[in-house]
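Shared between the two complexes below is subunit A, which pairs with subunit B and subunit C, respectively.
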Partner chain A sequence: MRRRLPEWFVLLLPAFVVVAAVVLIPLLFSLYSSFTPYKLTRPSTLWTWIGERNYERILTDWKFWAAFGRTVLFLTIALNLELLFGLGIALMVNKVTRGQRTLRTVLMFPMMFSPILVGFQFKFIFNDNVGLVNNVLQSLGSDAALPWLVDGNLAMFSILFAEIWMSTSVFAILILAGLFAMPRDPLEAAKVDGCTPWQSFRHITLPFLMPFIYIAMTIRSLDVARAYDIVQIMTGGGPARRTELLWTLMSRTGYVDAKMGLANAMGYVSILLSIAFTIFFFRKLSAARAELGMGG
Partner chain B sequence: MDRNKTHRNRRRVLKGLHFFGLFLVMSIICIPGLWIILNSFRPTVEIMAKPPVWRPSFTLEHYRAMFGGAGQGGVPVFSYLWNSIVISVTSTLIAVLIGMSGGYAFARYRFKGKSGYFVGLMLFRAVPGVALSLPLFIVFAKVGIIDTHFGLILVYVAMNVPFTIWLTDGFFRQIPKELHEAAEIDGCTRWQAFWKVEFPVARSGVASAAIFAFLTSWNEFALASQLTRSVDSKTMPVGLLDFTAEFTINWGGMCALAVLMILPALILTFIVQKHLIAGLTFGGVKG
Partner chain C sequence: MTEVTLSNVIKRYGVHQAVHGIDLDIEDGEFVVLVGPSGCGKSTTLRMIAGLEDISGGEVSIGGRVVNDLPPRERNISMVFQNYALYPHMSVRENLGFSLHIAKRPAAEIKKAVDEAAAILGLQELMDRKPAALSGGQRQRVAMGRAIVRHPDVFLFDEPLSNLDAKLRTQMRVEIKKLHQKVGNTIIYVTHDQVEAMTLADRIVLMRDGHIIQVGTPLELFNTPVNTFVATFIGSPPMNLLDGVVTENGNVRLGDGQELPVPTAARAGVHVGQQVRYGFRADNLSPVGHGVAEDGDIAEIDLRIDLSEPLGTETLLFAVLAGTEIQGKMLNPRPVTPGERMTCRLALEKAHIFDAETTNVIRSS
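== the complex of A and B ==
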């Protein structure tokens, strides 16, 4: 008699198959090719094994480390500011009594924008010649056209602005949902006991919101690489590599310079980075859940 | 008396600050999008004008050029729109079906290494699109499915399945086991019990998962830009690039296409926004 597969396995099988086919196999292939000098223009190079030389090369390359450091810095600043702004916005919207639903709808607006559209939109708005920002500044009497996307620091600021504009609403909406779900009694008890608003926020509201914050962080950490679309469109990593992130460096190495082996080696570093972020927040999330007794 | 007065003044100041803060935030959120919409109706001369023109005039020139077809310097918008619709809708449907069965398995069955499988699946979602696009490009070229609908659909299904599993898992867990057990006692098969009892209860979770899957596929760029080549499969995010030339960008035309791109997403999200929030929080917190 044929042994029947367990039901859970049958149910999960399609998911495993499609993920394996589209993600796992290409990743294994890229792992292999990261040990070869593979170039798109010369397919035969795929069969030359050079060991870990690609990794050696990127790990000793300051351009790579600059991009890596910038990526980590960029993510740290962006995620922290998004959390802070999201928390602030959620608290403000929560206080509103009339028209709250409209405000919440408006909050969801940036979530529907494609990252590449956000990139174009802010490339337009920060354009030094015809952009909204410079137009306003000039109409207000400033003479100089600020080179938003041409100066290194200003370009980094513009990209951060675009990134934060796009992603803050995820935090705001999830934290707002947390505020709605919050029981009223502890807050009132704290008020009776004479807690200041800050104390009750710090010791009652915030701990309750933590799981919601970690969900938002986890969801965000799954697609931090969306920033690639924005940077690629707004500056392409320029001026003079001042906004080069890991992802733009990788795509340039792979597609423009056609050095697939080297680019795949970089790809692995970026994958590890994303996975590290995800695992970190996943663990925080389950810890926060367990603390509130929501585990299971 | 005096204390009352200062107290009231402070309340008033706080209220003013609150209102001002909200106003500021909402303007920052709205203005970029409104600016795009506004500029899609302004003639190019006016967009480029120096000093800036603040009183907008109205024209449909960009929309006319866009829908005019490739012959008149326009972009084959209809092909892009069609590709986007076919690819997003198909991949969403498939991803929801596969993800739902996976989420059900995680929510209802006990097996060894369950959380390991779960986190493993999520990690595949975390692989950056750019990093994945390099090997996928080579593999797809070998198999011969570059620049086809099928290729992109396959990619988006794989991208969306893990997140769909996460969301639906949380929803199915909310439903008490007794519900389907009762249905089975009444003579339903497990399959019938699922569709007649559990699925209707979890519907809003499935709806939110579908919206997220749809938005992801509709908006994706990093993979689509490498795996598509021509009007046969280019989606709208890739089509946006058609408005950029070496040194100039046709801002008005781009804004018009942007409006076309954002409209379906906007409408869809407004219809189901209640499910959207419920989906995210339920799936995540209680799951």
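== the complex of A and C ==
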């Protein structure tokens, strides 16, 4: 007599199969390949086990750490500026009484564009010969043709600009949602209690918005940590790797140099970055929610 | 000395006028209740005094100082809100001390004031909790504590009890009254509940549609209402009102031909053929031997009791007179069977005559 599989297992089996096929197996495969010298051009290298040599190589590779550090810097600057602008925009839009719905929709336009197109657009805007920015500068009387995408710092600035242009509205929308959800009474109580508008904002509004801000931070930190498309289009990580971020480095290693094993190892190291940021912001989020009495 | 004076105060929202030129003098230390049905402009008036709404016209002054253009923080008032309006991210202690903290008072002084307020309201046990961990009554007490801490010139209460259950409401009512007796500040209190108004107020301001209808002590409003609106709004159950016509022999003929004598107080003010509403309270209509004094100006009415509500010390009786449902009261009650016929006595000196058209009361003087 054959024992039958338990019913719950049979019912869940299709889900298991799908998850295994699209997530688990690729994940395990990439993990395995990060311990091999796997080169796309020589498939047989997949079967050579080299232990943690890829990881050793990464950890001692200054190019990787430069990209890692640059990504953290990029992330920090982008998130903080987006928060600042998003908060400002949300506070202003919240004051608008007429046409607010339209404004809210307009606000989301940048999010509707493909990052690739945004990249191309800004590549044109910042072009040192025919770009809009230099054109404007020159018609204002400056002779300089600033090398926006060629100079390392300026290129970083340009990429940040594009990234912030595209994604500030994520913060703006989420913070605006927070402002809408905010009860009016405590603000009025604060007014009566003697708060100036700034004090009301600092002591009442901002603490209430913190959970919303941390949600936006979490989402955006994951987004920015895998920034690739805009950078790839605008500078391709160049010039001379001066705007190289983790993901452009990885794609260069994996597809251009065809060292897939090494690229996968980089992927696993850089995932730590995302995990660290996510944990950080989630802790902050829980703390902020607990502070508001919303429960863990 | 902190009197509050409103002169010709107007509030407009676009073309809609919510408050129509209110005049009101509130004395130092007085407990004034603004009461009226929802939408009567009472909360708007309070919020204009607080500075949370712009004043469209007229003048509000607190302690002799015109405050029309001052922000709330410069008016030295505190306000207790309907939804408590506690700061959710602050503990009870921080909530209580917030206004002093903002005013940059020394820590020792803040602590003293907070502890004092906590003692008055019995909040000592709850000082480190967040508002989310408090019950409705506790939150309301914290909100009141926050108001006390500042030692304001005027307390403003905006329907502070309407989110509490009936039992707690009665309790808090007593606490508010005690608080007033203890601190003695001017209080302006808004409610839609006439029981709260009656029990708390030194003076009631009854409003409707942005107008003040009557101002007076609770008993003045209860005993001498200026029109049928006041008569039915103040007092529970509302005053019975019967439609009728004044006849030649000094009676009011009701819809079914039955006649009741015009009360003494109104006799000189009515004329024959006038359409009137005859008003009397349930308290002044009782079965023989069960309430209304046996002597004095009395009318006897024969009633068929449809329904009775025993309340313990008294029983509320429901009957139909001249096609209108009326209520009477039976003191030292005995059991009543539905459909029972009773002879009831109506105290005429407590009855009122209102003009059917203007709804205003008719009195001789």
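Quick notes on this one:
Convention: the second predicted complex is superposed on the first by the 264 of 296 C-alpha atoms of A that agree within 3 Å, B and C clash if a C-alpha of one lies under 4 Å from a C-alpha of the other, contacts with A are read in each partner's own complex, and residues count from 1 in each chain.
What we mean here is this: a residue touches a chain if its C-beta (ideal position, glycine included) is under 8 Å from a C-beta of that chain, and two chains touch if they have at least 3 such contacts.
What you see is a predicted model, and the numbers here were worked out from it, not measured in a lab.
In the superposition on chain A, no contact is made by A:Gly69 with either subunit B or subunit C. In the superposition on chain A, A:Asp193 makes contact with subunit C only, not with subunit B. By the touch criterion defined above, A:Ile125 reaches subunit B but does not reach subunit C.
Of the two partner chains, subunit C is the only one touched by A:Ile204; subunit B is not. After overlaying the two complexes on the shared chain, residue contacts for A:Leu11 are found with subunit B alone; subunit C is out of touch. In the overlay built on the shared chain, the residue A:Phe29 is in contact with subunit B alone; subunit C does not reach it. Here subunit B and subunit C are compared by how many residues of subunit A each touches, and B touches more. When both complexes are overlaid on chain A, the residue A:Glu291 reaches subunit C alone and has no touch with subunit B. The residues of subunit A shared by its contacts with subunit B and with subunit C are 294.
Contact residues on subunit B toward subunit A in their complex (touch as defined above): 18, 21-22, 25-26, 28-33, 35-36, 39, 47-48, 50-52, 54, 98-99, 101-102, 104-106, 108-109, 111, 117, 119, 121-136, 138-139, 154-155, 157-159, 161-163, 165, 173, 215, 218-222, 226, 237, 240, 249, 251, 254-255, 258, 261-262, 265-266, 269-270, 273, 276-277, 280-281, 284-286. Partner subunit C is touched in their complex by these residues of subunit A: 183, 185-186, 188-196, 199, 203-204, 207-208, 291-295. Every residue of subunit A that touches subunit B in the complex is listed here, in rising order: 6-9, 11-12, 14-15, 18-19, 21-27, 29-30, 33, 40, 88-89, 92-93, 95-96, 103-117, 120-125, 129-130, 132, 135, 138-139, 165, 169, 173-174, 177-178, 181, 211-212, 215, 218-219, 221-225, 228-229, 247, 250-251, 254-255, 260, 263-264, 266-268, 270-271, 274-275, 277-279, 282, 285, 289, 294, 296. Taken together, the subunit C residues at the contact with subunit A in this complex read 50-52, 71-73, 77-79, 81-89, 98-99, 102-103, 130-133, 146, 150, 156.
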